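Both of the next two complexes hold chain A, though its partner changes from chain B to chain C.
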Partner chain A sequence: MSTSLLRAVRAEWTKLRSVRSTGVALLATIALTVLIGLLTAEGGHTSYGGPPVVDSFAFVHRPLAGDGTVTTKVAAQSDSGPWAKAGVMLKSGTGGVSPEVALMVTPGHGIRMQVDGKRELTWPDGGAAPYWLRLTRSAHRVTGAVSADGRAWRTVGTVTDGGLPATCEAGVFVASPDVATSHWAGPGKVVGAARRTTGRAVFEHLTAGAAAGVDAADAGAGGAATGTSSGAQAADGGWQLTDVAQPDLPAGPLSNRPQTPGTVHAGGGALTVTGSGDLGSLGVGGIGTEALDDTIASALSGVEIALFAVIALGVLAVTSEYRTRTIRTTFTVCPRRGRVLAAKAVVLAAGVFAAGLVACAVSFVVASPVQRRNGYGPPLFPERSLADPLVLRAVVGTAGFLALVALLSLGVGVLVRRTAGAVILLFTLLVVIPLVASITSVGAGLWVGRLTPVAGAAIRQTRPMFQDATGPWSGLAVLAGYTAATLGAAFWVQRRRDA
Partner chain B sequence: MTEMTIAVSGLSKRYGRTPAVDALSFTVRPGRVTGFVGPNGAGKSTTMRMMMGLDAPDAGTALIGGLPYRELPDPLRVVGALLDAEAVHPGRRARAHLLWQARYNGLPVRRVDEVLEQVGLDPAARRRAGGFSLGMRQRLGIAGALLGDPQVLILDEPVNGLDPEGIRWIRGLLRSLAAEGRTVLVSSHLMGELQDTADHLIVIGRGRLLADTEVDELLAAASDDRVELRTAHRAEAMAVLAAEGGTVSVLGPDALTVTGLGAERIAAELASHAVPFAHLAPHRASLEEAYLDLTREAADYRAHDPAAAPAAAASGSGSGSGSGSDSAEEKGR
Partner chain C sequence: MRTRHARRALHAEWTKLVTVPGQLWLAVAVAGLMTGVGVLVGAVQRAPNCPVAAACPAPDTTALALSGVYVAQLAAIMMGVALVASEYQPRVILLTLAACPRRGAVFAAKSAVGTATVCAAGAAGVAGALAAGGALLGVRGLDTASFGDPALQRAAAGTLLYLLLVGLLAAGLAWALRHQAAAAGSTAALLYGPYLISRIVPMPPHTLHAVQDLSPMTAGLAVQSAASGAGTAPLGPWAGLGVLALYTGASLALGRVLLEYRDC
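Take a look at the complex of A and B:
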């Protein structure tokens, strides 16, 4: 910053802090954010109604005695949902919720390795079909390895084979969980539902045997191996399809319906398997995420109300000068009007950002225990501290959102010059239009949340939800774009206009 | 240091179809107080705003020390201005109002306390400006103008709202600033306010220059050969003097002014016709009269325009009342 801009910033800071309304607006920002965050936490209860461990999928398997490996290339996987799963597995039998080790690809969440559906290892480099997967059982340990080409293998992790019997079932599996959907059922009424999906994957070079790469019993090569689970037919090479079923299903909207039966087709050296279901547990393998609340975003929901104070502050920073005509004093003291606007922007953004940071941090800290008391606990809702990167991003980003709204208000204030007009315009833009759109139709609500400045509020989202209009960063970028354009217009108009 | 003159040249500004300032040219020199006079709505404030770079002229230039205001690096160190005493945020304390101005131009905080003391506001430094009287706001505005110890001062109606003690104070201040060699431009719609203050006058009406003259010259011209006469026999005196070719006008119930006849001749004529009189002396015109003479032309012109007639009557008379309305309208634009 040049000396003269630094002076201008100090001057505008003196100006801003020397009127009472500034302190009032900043305190209101903090108080409203914390209060509404707390009220939201008090009123919220977790709504997940599924079983704690999910274990149902189409399993194509054959017995494996003692140590050995199972290897395949997942040549293709249909994108029936981000959490659809296809991969290799060692399992104690064919009953649901029995000991197992699985290594899988997913369309949306990379490569994952699961132990009994309760522990999960992830592969940091991502990866999706086509990909080679291998599980090796050796001396009571199971090692998962992956390869992009079938030659260079890298280890995902090694776990104890704990509950696996001496002879276990080895093979490939396909699962595809229900996808939550919503549709508009009338003004202000959105109905959520679960849609059954069927996953499909093509496995090539499937081998299972005593030693890696030695038993090259290519599944499809031997002949036809076609069937459905109902017959549980034995295919060539001894491969058999079983629909592993969830045992004791509790009542719940998402999981108490019968599973779609799986199928297997062999041909051209490959097995094509379809299946539905899922494997994992709350917080593992994406189980429950569709029905989850975003507790961090909800702890910060007060900023939607605190917006009022921020808009007032941003607008008044300049319209009060036009009302009292001190703008003329300002422009005689500093005839470089762009510098005046830049200094106002710096001071306002810094002040609102600091207040927003306090507001969001305090909100999160006071709302979290209340949320835990209302059932939002691990494993679905892991306890997170302020220093957790996800929380930090939401807190800092939301403070940035408030600062951007303040700058947008400043720009509108310069253009409109009158407090009432500017405030009404901004309220309409940031509060009324989103509200009216959301009670009018889901589509309108989504587009407003995507394309108007209110998109910036998405920065506090920390987990994808079906009702999200936009992603956190893309939303903030939309707001930043509007703010930059408005400030640019304000700069241009202010320089040409008589003060 | 270059001579800090204010040079206005061909300055024009119109609002819609109405010219507010019309090809105005004049120069304000250092070392004296220059009065900037004209009726309300004559274009004084608009001219001053253009000098300060607030309004863009349609044509012409206003240079301060050879530079347009907008190009002055730290303007408060060169030009101090009071354009609108009411332009203060009511919630801000007097000291903070000056502090932010000082910060913009890198002036030391000590200057804020110095000027507050200079204008006599130091006891009110921590009070919010919303509770200030107009007189106190004028002092606060003048404090702002003095903040950068500038060579040039531009003050728009600084006497407005001041009590008699305040008026005496500001006259002394203006005279001492000029005596220090500064360039001082003071506007007023009341000529009388400048009677004992201004050395030089720039008179405008309807956006045009009417006079650019020394105060002494203007007074001499307005006084010309007028003679003031007091007599209880006004009617007889008027008849006698008119018959001798004098122009007689009535000043009051027992006072007349006579033009065209010397004092000695008047005394002789009245004596020969046995008209008694109490007082006979050359008339010293007031600045107010001189100003009325100058603006009469503009006022006459307005009187022919029926719509503008009431305004002309009010402003042309130069009466002390109703000072606010016109200038407030102009400032609010």
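Take a look at the complex of A and C:
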């Protein structure tokens, strides 16, 4: 039994191998993938145009001489964005981009401790408001600690207070970065814009003073510390609101607007602070995440064009036999038609997978250095080798995607039996319908990307992006489902009709 | 003598066309896809919702209603190709040329028959898309142009001409390649290829505009845009259609020359 299958496979392999157009199509697959991948890498530049260090926020502070601590409970934080920040800070003054140590909660990215906006420590257990935060300065070191209940404290990390002067400003801060939005503006036009957001946080039990909070002055209990930043009022307890401003605003329509002024209200033993801005640097604190691109996926984007060659190969593997009537000879030699189709499928899938693997691996290797040269470097874009699991999934998965498309084409070829009809049908399904949907409506484009066979192309995604229609594996599963159904129908139809 | 030849050739081609069901179905497909996609696009459309009204220009509803052309042109391609390449699958062309030895007459007759069919089907499709798709877009709260609007009339006539030119482009390539799948595939690649590449590969604006101006599909479809230069290519509407016409002319000339000087 299995020998006859082996013979069928061998026969199909010989057919595929000895036809010149097969080699041409496989070479075209590789060449197109690599060429387009390289062109995409050449043309792509990181779109991050902000300052190297971002430092602007609403800061409620008072001087702290020598060693001491600042402690608060962030009772609530509004979710104005996943990277909105609220927490405690020791800062050398009130100017932007001056030495500082900050410990903060974020709505979407857990608890983080930053040093001068350039170094970042993360708290592995995650956590969001309400949470207790404390910074302790002692013997030229600053220790950040967090607590869920204000009693059991755990250390996030200890850093040197290198840049801080003997008397620094201690207090709480609120920042909330711009959020990228996009909307559909017409056929094929999506307009991106940055929306200014205002963060709001409620701080309770705010104390700052010499070690262990001896000089504790409960902010709310002291009475009114209410005001806006204009005038930077002094309030009871000595707390003062300052809008720390970015000193080197980059030129540009979106980023050179002044930040929204912060406000502070005291009441009921709590300080409610609002503010906008951000702190961190490229790759730290979420800065530059709007400019993130999926570099691995774009290195492999040539497969969208190489698809043409794969469709032609898959369709011709069967329709050429119908056109030349060789199919009758084939069925005479191997009367089990299901076996013939299985053999064709095995040979085709193996051939396309191998060519796809070469194409994707070469594309990645060739495109990566070009991408690095164009600004895609660490920390936002870590250097990855071909053996990296994420890269491996994209490369092997994309080769699998091409093999599945070839099998889908084979199935359609059996069903339609005419080369031109099958090619145009597949072209419509895999290229034209996604194209029309994406240029006429964002919603329709997403649904087509989710539910039609082209969803399989999602396997090359390696980082979640807002424009993704579907996840890598779910997309490939959709394509596999369509391929299985089409091949099943092909088996069934082929058995029941004349050759 | 000449006119009799031409009339006989035309009659023969007309008979072939109406007796082959596949080609009539393709004509139905051109009209149906034009209208059907227009209806679908109208049905899923939502009025743009932007935080800053000035940031998003009003959508070009005429081009939206006519976006079925991206799919319908495949049927027009298949028609142009089938008209010619069906002569070569079994070599009917030998009989055709035996019956009508003037190859120019056969070429002209086929082109005329193809033109007439694509025109009829395309006109029905464009009218259906504008009526049904436009009405749906209006229901969905978008501003649609009236039928008296010169920009809409230009887009409608231009889309019809576009379909016609694409059909003839495919026919010319089919004369040259004499193989249905090869001709259909290369026409589709010529139309969609540059457009797809320009969507994948990031390019500086002047390169992108050059690609859009030089590739037949984006240049030709600039005729649908209400505002000149705001559509698929920076070219003006008729200049864009002219670019496509150059491709079609070249393809027909190549096909004509090869038909004349090559053994069939």
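Heads up, the rule we're going with is that the second predicted complex is superposed on the first by the 295 of 499 C-alpha atoms of A that agree within 3 Å, B and C clash if a C-alpha of one lies under 4 Å from a C-alpha of the other, contacts with A are read in each partner's own complex, and residues count from 1 in each chain.
The rule we apply is simple: contacts are C-beta pairs under 8 Å (C-beta built on N, C-alpha and C of every residue); 3 or more make two chains touch, one makes a residue touch a chain.
Just so it is clear, the model here is predicted, and its values are computed rather than measured.
Enquirer: Looking at A:V423 after the superposition, I want to know if it touches chain B, chain C, both of them or none. Which is it: first, second, both, neither?
Expert: So A:V423 only meets chain C here.
Enquirer: Going by the contact rule stated at the top, is it chain B or chain C that touches a larger number of residues on chain A?
Expert: It is C that touches the greater number of chain A residues.
Enquirer: One more residue to check, A:R10. First (chain B), second (chain C), both or neither?
Expert: It touches chain B, and chain C stays clear.
Enquirer: By the touch definition at the top of the document, which applies to A:S18: first (chain B), second (chain C), both, or neither?
Expert: first
Enquirer: By the touch definition at the top of the document, which applies to A:T329: first (chain B), second (chain C), both, or neither?
Expert: After superposition on chain A, A:T329 lies in contact with chain B alone.
Enquirer: Should A:D498 be classified as contacting the first partner (chain B), the second (chain C), both, or neither?
Expert: first
Enquirer: With both complexes superposed on chain A, which partner does A:G443 reach: first (chain B), second (chain C), both or neither?
Expert: The second partner, chain C, only.
Enquirer: Using the superposition on A, tell me which residues of chain A are in contact with chain B and, in the other complex, with chain C.
Expert: On chain A, no residue contacts both chain B in one structure and chain C in the other.
Enquirer: What residues on chain B touch chain A, complex-wise?
Expert: Residues of chain B touching chain A: 49, 52-56, 69-72, 75-76, 79, 81, 83-84, 86-93, 96-97, 99-101, 103-106, 144, 331-333.
Enquirer: Can you tell me which positions in chain C touch chain A when the two form their complex?
Expert: Residues in contact with chain A: 37, 41, 44-46, 48-52, 55-60, 63-64, 67-68, 70-71, 74, 77-78, 81-82, 85, 180-181, 183-185, 188-189, 192-193, 195-197, 200-204, 231-232.
Enquirer: For chain A, which residues are in contact with chain C within the complex?
Expert: Interface residues on the chain A side: 36, 39-40, 43-45, 181, 183-189, 191, 193, 195, 301-302, 304-305, 308, 312, 315-316, 319, 418-421, 423-424, 427-428, 431-433, 435-436, 439-441, 443-444.
Enquirer: Where on chain A does chain B make contact in their complex?
Expert: Those in contact with chain B are residues 3, 7-8, 10-12, 14-15, 18-21, 320-321, 324-326, 328-336, 496, 498-499.
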